Amino acid sequence: MNVFETEYRFSTDGDGTIVDITAPVNEVVRESGITTGQLTVSVPGSTGALTTIEYEPGLLRDLPELFERLIPSGTTYGHDETWGDGNGFSHLRSALVGPSCTLPVSKGEAVLGTWQQIVFLEFDNRSRNRRIHINIIGE
Amino acid sequence: MNVFETEYRFSTDGDGTIVDITAPVNEVVRESGITTGQLTVSVPGSTGALTTIEYEPGLLRDLPELFERLIPSGTTYGHDETWGDGNGFSHLRSALVGPSCTLPVSKGEAVLGTWQQIVFLEFDNRSRNRRIHINIIGE
Amino acid sequence: MNVFETEYRFSTDGDGTIVDITAPVNEVVRESGITTGQLTVSVPGSTGALTTIEYEPGLLRDLPELFERLIPSGTTYGHDETWGDGNGFSHLRSALVGPSCTLPVSKGEAVLGTWQQIVFLEFDNRSRNRRIHINIIGE
């Protein structure tokens, strides 16, 4: 039984950016040598989120539109009165989706469907340099 | 320390089907021999989700109604223009809830409340054959 | 490789209570002696949830307002007709957010951003005594 950790870094263009991290995550799984276990990817920070989706142009428009409808960016939230940075909506979206995604690892890769990708959702209202933490446990 | 993996298969009647998988998951935990650890159940595929709920008739009506209100099935999404399969709403609901559920294992079973079940949520717009991946790590 | 489990107990004032459990969770990580691994915190029960958020006064108002807007407490749900306890909204919010939060452990603590806390969200319509289950695997 082993544990392996690393970080994956990239930059985003702010709210609405969806980053497909499946290939780099599976590269880390291969590097770990772990073939059966559990994988957690997480964002240290409270204005992004991790989930899975089919990474195709239609849904890349649909998902940001959904969040804009459920938790509008044009509203002033209590958070904005505290800090004045105008990203209250980003924090709320992140808390709703969650800061991490845990998946089984089997046969040396993350267990996913054919049309299913691990994605980072950027909700912040400005471009960000992000580092995703990746941890794999197994054998 | 050990790791154990298997799959659990069933079929659904499409959107709105909620499947209580608590008993088969706990059967797998017993089979693994692991008494303390962590359990991840996941759906390979991007039109279903895993969470927990009290599996009773009222909530089995309420939860699909909630998703229909938050992410209506009768709307045309960008995804539907890409593929023409009309299940854009399914993908969006799945991304929001998430493809997996991780729970502690203690005393040889998943840690749950008395009125709390592990459920698979089918969001796709047609009946599906599903396989749930189950991974348990611990000792 | 080791596994460590414990419970953390507290009471809440019912719906809208947000409890920052970061410090007690990190205390448990230290107690476990595990420096690299994965941490799962979960609520046994179906009317609470775990996620992360920046724990500051603005968001402590914003998040309950968001849930009140998405899943109103003043509506009668099918669940309420089953049990008559009037907390159908609590169950639905819990199923949407999820009963657990899994994070990497690195350098002996949960991997979090500077302004990111692990929080328990109370959704039930009455004060509750809660016990959070904490499980850590790693080395």
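As written, the chains take the letters A, B and C, and residue 1 is the first residue of each chain.
By our rule, contacts are C-beta pairs under 8 Å (C-beta built on N, C-alpha and C of every residue); 3 or more make two chains touch, one makes a residue touch a chain.
The structure displayed is predicted, hence computed values, not measured ones.
**Student:** Chain B and chain A are one sequence twice: same or different residues at the contact, by the over-half rule?
**Tutor:** The interface of chain A with chain B is built from mostly unshared positions.
**Student:** Quote the value, from 0 to 180 degrees and to the nearest 5, of the angle by which the CA atoms of chain B must be rotated to coincide with those of chain C.
**Tutor:** Chain B sits rotated relative to chain C by 120 degrees.
**Student:** Averaging only over C-alpha atoms, locate the centres of chain A and chain B and give their separation in whole Å.
**Tutor:** 19
**Student:** Would you mind listing the residues of chain A that make contact with two or more other chains?
**Tutor:** Only 1, 38, 70, 96, 98, 102, 137 qualify.
**Student:** Enumerate the contact residues on chain A facing chain C in the complex.
**Tutor:** 1-3, 5, 38, 40, 42-46, 70-71, 77-83, 88, 91-92, 94-96, 98-100, 102, 133-135, 137
**Student:** What residues of chain A sit close enough to touch chain B in their complex?
**Tutor:** On the chain A side, the touching residues are 1, 36-38, 51-54, 56-63, 66, 70, 96-98, 101-106, 111-113, 115-116, 119, 137-139.
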